[in-house]
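Following this line, the structures themselves.
In the two complexes that follow, subunit A is the common piece, with subunit B as its partner first and subunit C second.
For the complex of A and B:
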């Protein structure tokens, strides 16, 4: 059997910290950031009945962050009476997006084709966005489950991208940039985004310049959004583990530095 | 517990075994992930693009205008043989030309011009007090640009500006790294929650 190295102990420690805090089943209180408040206010400002385009632009690997974000947002949207139309510009987002919309729609007793719809996946995202700007029906002649476009009452109300009240991109990569560059700039549609934490710094400049109406990022953002809509979820459940794991990493950095400088000074004396 | 949850739980544990060391169980889960992802994407793309956008309207509804993209698409396969590879240059030229035509104006506006105008804000607020945020943005943008100006040696005032730019870059990289760590922790927390809740039923 292989001898355990220091990194193994570090991983083991992290697992104990995360699993231990999760078993406590606590949901700590937290302050809500201005970014999350802005997104919540924007969704709130859309009139009930507005049709919004929700684009699931992520891979399955981002699910631990994307699912709490998307669930909190969809709960807010359905609760407010918005009518989301889902699409996916990345293949793996298709099944994830469809399942999430079905689950949250069922919580609010929404009816497929009238209160929400899911159009499915289109490859070549730039071509897909440009095509949506010309005609939604030509881009998606059928929905994800095979209904012809005109057979769904909800879809008969939208013809092109600018007919949507907003585009909400749920993304783990640079797809939001394409929505801003092609969707907003060319077809004047408002774009907002729920993104993984790693993408927050990439999109901050777009929020500052007003090209991105609002942005919520990461598990922390999901927890804050859950607090604003008053419904608990995976975001708030994961916050204690998130805080504990960060403290654990800080402690490791501190210990590592102490060991490094102690060893160096000893070598210097020797 | 449904069959899918059992499989997902076992595969999650298989992937986590890599933390100890590379092993056949991890390899099996890794290859399965790649294979399933590629297979799924292929099927979805075939149905969404080829069937719904090409075959059904072309052969089912007689939309003969789609013959042109079909022929261009078939010409791409010319690359598979050295003697016919020149045929693929035509669809490639169409693809690159139309792509560049759509991308250049789209990037020039939102990525450069709007971002530049977004960086220029009044340096004094309506209350007569300095707009510190605007000042920091101006200093940050100019000093970072100075760092990437390589036509002159970084000495004197340019050297000072580029040094300040380095600090702004380091702060940006640090913030991005911090968010990346947060993102990876969230991924692990998400899987831990799945294991504890859905797979092992240890928490609600």
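For the complex of A and C:
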């Protein structure tokens, strides 16, 4: 049998930490960050009945972070009486977005075509945003499941991008940049985003400049949003595992540096 | 001759799209809509066909050479079965297409992405060391950010939160802004070089 190396022990330790903390199933209380408070206040400020565009701009690989974020946001939106219209600018976001909207809408007894709709996927994201700015109907002549655009009462109320109260991009990459550069700059629509933690610093300049109205990032952001809307979910359930794995990584960094400096001082003396 | 035609098409559409972006004239809007909803999508569809044909050819050839047969067969099966399921039974709520996506594709992709955590753990132990002053600064910043995102209510040190906010709002944002401005200027320069025909490598020739 092959001898285990240091990295294998590190892998094993991480697996034990994550599985162990997930099995505890605790939902620790959190401080809510100003970013999350800003987003919550923004969604709250939209009048009930507002039609918002929710763009699922992510791949399936980001689901563990994206799903809690999107679920918390949709619960808030449906609870507030907003009417979301879903689209996807990345192919894999289509099925995820459709299913999530369907599930959360059912929790609030919302009716498809009246309280919400899902238009599906449009390739070539820049072209799609520019085209939405001119005509939503010509960009999506049918919804995701094939209903003609005009057959859904909700869609008859929106003609172009600027008719939406806001665009909410749920993203794991740089799609938010395109919404800011084309949606915000060209058509003056308000853009806000729910993003994976790794993308937060990429969009900080846009939040700072006001081009991005608000942003919530990562599993921590989802947990904070769940706290604000008062409904628990996968964000808060996963926080203990995430925090424990962060601390585990810090411990590994510490151990690695202790070994490095000890070895270096021994070599120096030798 | 064919390269010259391609170059002229590129220049014309480059200038046209630039002008259309800033015009609010109804004719300009109609042209934008036609380009974005029709021409651009047709080009994307052809690119997809090229990708799909290339995927099939590469994998079929590999199977004929008896290389990694199970993996390549599964790849081909996946590519063929998803359109068949979508066309045959639709893509709605209880369709087999959505079932396969939710129960096979999404968990597999999430699993592969989650493996990054193990690489991070390994790198933390073996590579993330304060070998120099810049490396030490990076290390301390990373520790502050990780700790500030890991603590819970009433255990979070206000110093950690202040420090992590400062890192995000000043050094990180300054660097990000510089990168964004650099990307913007680079894109502008490259676009101009393409439009005026200085940059010709995309045609397959020399500069």
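Methods note: the second predicted complex is superposed on the first by the 269 of 270 C-alpha atoms of A that agree within 3 Å, B and C clash if a C-alpha of one lies under 4 Å from a C-alpha of the other, contacts with A are read in each partner's own complex, and residues count from 1 in each chain.
Simple rule for what comes next: contacts are C-beta pairs under 8 Å (C-beta built on N, C-alpha and C of every residue); 3 or more make two chains touch, one makes a residue touch a chain.
If you're wondering where the values come from, they're calculated on a predicted model, not measured in any experiment.
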{"item": "Fit or clash - subunit C, subunit B, common subunit A", "value": "clash"}
{"item": "Which superposed partner A:208 touches (first subunit B, second subunit C, both, neither)", "value": "both"}
{"item": "Partner chain in contact with A:186 - subunit B first, subunit C second, else both or neither", "value": "both"}
{"item": "Touched partner set for A:96, first subunit B, second subunit C, both or neither", "value": "second"}
{"item": "Which superposed partner A:246 touches (first subunit B, second subunit C, both, neither)", "value": "both"}
{"item": "Which superposed partner A:19 touches (first subunit B, second subunit C, both, neither)", "value": "first"}
{"item": "Which superposed partner A:196 touches (first subunit B, second subunit C, both, neither)", "value": "first"}
{"item": "Which of subunit B and subunit C A:80 touches, first, second, both or neither", "value": "neither"}
{"item": "First, second, both or neither for A:142, with subunit B first and subunit C second", "value": "first"}
{"item": "Partner chain in contact with A:237 - subunit B first, subunit C second, else both or neither", "value": "first"}
{"item": "Subunit A positions touched by subunit B in one structure and by subunit C in the second", "value": "11, 14, 18, 59-64, 92, 95, 123-124, 130, 186, 197, 200-202, 205, 208, 218, 220, 242, 245-246, 249"}
{"item": "Interface residues, subunit A side, partner subunit B - complex", "value": "2, 8, 11, 14-15, 18-19, 22-23, 25, 59-65, 67, 91-92, 94-95, 120-124, 126, 130, 140-142, 177, 180-182, 184-186, 196-198, 200-202, 205-206, 208-211, 217-220, 234, 237-238, 241-242, 245-246, 249"}
{"item": "Subunit C residues within the subunit A interface of the complex", "value": "21, 29, 32-33, 35-37, 40-41, 43-45, 48, 90-93, 97-98, 101-102, 105-106, 109-110, 112-114, 117-118, 120-122, 124-131, 139, 142-143, 146-147, 149-154, 156, 161, 168-169, 172-173, 176-177, 180"}
{"item": "Subunit C contact footprint on subunit A (complex, rising order)", "value": "6-7, 10-11, 13-14, 18, 28-31, 59-64, 92, 95-96, 98-99, 102, 123-124, 127-128, 130-131, 134-135, 138-139, 144-145, 186, 197, 200-202, 204-205, 208, 218, 220, 239, 242-243, 245-250, 252-253, 255-257, 260"}
{"item": "Subunit B residues within the subunit A interface of the complex", "value": "19-21, 37, 40-41, 44-45, 48-49, 52-53, 56-57, 99, 102-103, 106-107, 109-111, 114-115, 117-119, 172, 175-176, 179-183, 185-193, 196, 202-204"}
